[in-house]
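In the two complexes that follow, chain A is the common piece, with chain B as its partner first and chain C second.
And then the complex of A and B:
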């Protein structure tokens, strides 16, 4: 079963989407291009600001790291030179967590594909110019070396490694984060499966 | 980053002249609320999340808890915090990290209404006096801003508090065991009373009063009166931060008319909660646990 996508649920934001996969539900809202603060202004491109809000509590260093990863992915996707000296604001609100508690790197890596997919769909909904599409997915490698895509909670607790990979439509890798124990061959195998999947 | 766009003179004059003829732009009576919908998460193990929609305004409230050490000067009480941060999702005028006036107002009113009035009994959150207690945390996320954020936030917060279940625990002398959701059924919070906020906006020095203003109506208003009360008519607070002067009799009318709205809101929240409980009721447990007699 694929992820559930709801287009344009919000009325104030320029583009919005609600994206649910097996683990997380993310509500993404995009505003842009809007006026930028002097200090963030870039002379030849649009500045990209990503805000990640967790369900409980206010964001901390973990959310800042996630924001930096998502910003890096979106930089390669958005046509920033079309709107210089403006700002593209993306807010990602996590509305549903998986019921089992994940810790450390597992928690961070598992939410990344949902965030990237939601952000991309919201940008498309808002009509922002992009040079390519991007699809992200979470892959888990179990003890016998099998790669599973679209992991559910059961897969996560049973696997030895998890990878969050994103590719654009030309098959170029845009994001690569992982957690757990795995060998280089396993990683390469995951990469190939992901390229075909995306 | 940009300021909220002010309505044009035409829009403002149109709105005000319509109001003077007792007509609102969306055709509602002056004291009617937009359709309110309240939704809880569908997953059976997720408690404490409520999403409220008043017209296009959308607010999500999430309640969570963890075990912490209580404050040293309040050994027998748990900790209850409310966090409301407005972001660019609600409206591009809100910036992250810089609390603006609306945000401070919402935080302050919710503090007074729910925390100071003792709606949530913090003594029931204590596990071992002076050592362990629950820290209940309510996070309010505004998803869409089309006016009347405060009322929506309050409804969401009350609904989420009533929906939330905290983990059950047992104390044997000095040993405390906190059971996970799978080991024992989680327990509801002790909510003493259910206050709600009613915001009344006024125009023409208090001549025209209406409730549940949309964003456009909020931008054109002269001021607002915020009344918080529960369905028994007990007033938690009355706030009027600046704005044009309003005479005493009009304030009393505000408070009186707020009572009917609060009763209606209370009924709505209770009905939705009962519906949700029935849906989660597996194997008729609710009927077994109830202490009601058949006659």
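And then the complex of A and C:
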């Protein structure tokens, strides 16, 4: 079963999308290009601000790290030079968590693909100019060395390594985060599978 | 020919591009030129081609309005300075400047005195990503107002910029016949701003609100011509002819 996408659920945001895959549901809203604070202003490009809100609470250092990863991916995709001295504001609200409790690096890596996909779809919904598409997916490598895509909860608890990889439509890698124990060959195998999948 | 839908980063197939007589091709919103000869999409959308003007662009329903020169907009005065009025064209963006003397027949003694909150119908005279947007209420070449200027009374409704564009196409080409149909039954004045703001004034409050709501619903729910006719008939009946 593929991910579920709901287009433009929020009428007051410039672009919005509700994205659910096997593990998480994310509500993404995009506003922009809007006016930027003097301190965040960049002379030649648009500033990108990503806000990630977990299911409960406002979020701490973990959410700030996730924001920095998502911002880096989006910066390589958005045409920031078209709107200098403006702000593109993206808010990602996690609305549903997987029932199984994940810890540490596994938790961080598993939510990244959903966040990146939701952010990209919301940007496309809002008509923000981008130079390519982005597709992100979570891959797990099980003990026998097999790579699985679109992992469900069962796969995550049984695997030895998990990779969050994103590619654009031309096959260029845009994001690479991983958790667990794995060898370099395993990583390369995951990379190739992902490039074909995306 | 079937319509072509593109996603960001996808190239426009070269057999779709119109042949330009003078050798220049105009690129509209949603497309960019990567040297030497690739044209690729920057947003998702349906490709539109105009062979007469040798222009090609993408249509997309959502998105914020970006000012471009020559567009007519409904702007609201925020505050005034000695040289210009600062106006709001789109919310949460820097102000657009409307010169104090940019009105028909205006000089230092006889210019319109506009207060904060007043609406004006103006044309975008300057818009670039590096400069502030500038507006004018008089045509620079002829010196006449051409329907631009302060809008008194009435009410403003918000619609999406693409719907405003369809409304401005005229002759029913945009597929919106609400105004023509209602015009047969009621008298009203309307100013459509390309920035997604619509100003309406009619004799009575009920008629103004009725027509405004009808236009907003046509936009939000994507009514076709039949649904629009039905809604207009219902409105006329509710308002008692």
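Criterion: the second predicted complex is superposed on the first by the 198 of 198 C-alpha atoms of A that agree within 3 Å, B and C clash if a C-alpha of one lies under 4 Å from a C-alpha of the other, contacts with A are read in each partner's own complex, and residues count from 1 in each chain.
Definition applied: contacts are C-beta pairs under 8 Å (C-beta built on N, C-alpha and C of every residue); 3 or more make two chains touch, one makes a residue touch a chain.
Note that the structure is a prediction, hence the values are computed from the model and not measured.
When the two structures are aligned on the shared chain, A:93 is found in touch with chain B, with no touch to chain C.
Looking at the shared chain after the overlay, A:148 reaches neither chain B nor chain C.
Of the two partner chains, chain B is the only one touched by A:53; chain C is not.
Looking at the shared chain after the overlay, A:10 reaches chain B, while chain C stays out of its contact range. By the document's definition of touching, both partners, chain B and chain C, reach A:35. By the touch criterion defined above, A:27 lies against chain B but remains apart from chain C after alignment on the C-alpha atoms of chain A. Once the two complexes are overlaid on chain A, the chain A residues touched by chain B in the first and by chain C in the second are 11, 31, 34-35. By the touch criterion stated above, chain A contacts chain B in their complex at residues 10-13, 16, 27, 29, 31, 34-37, 51, 53, 55-58, 87, 89, 91, 93, 95-96, 99. Remark: chain A residues 8, 11, 14-15, 31-35, 77, 79, 82-84, 86, 124-133, 168-170 touch chain C in the complex.
Interface residues of chain B, counted against chain A in their complex, comprise 1-2, 41, 43, 45-46, 49, 56, 58, 60, 62, 64, 83, 85, 87-92, 96, 137, 139, 141, 143-146. Per the touch definition, chain C reaches chain A in the complex via residues 7-10, 30, 32, 40, 42-45, 60, 62-64, 92-94, 129-130, 220.
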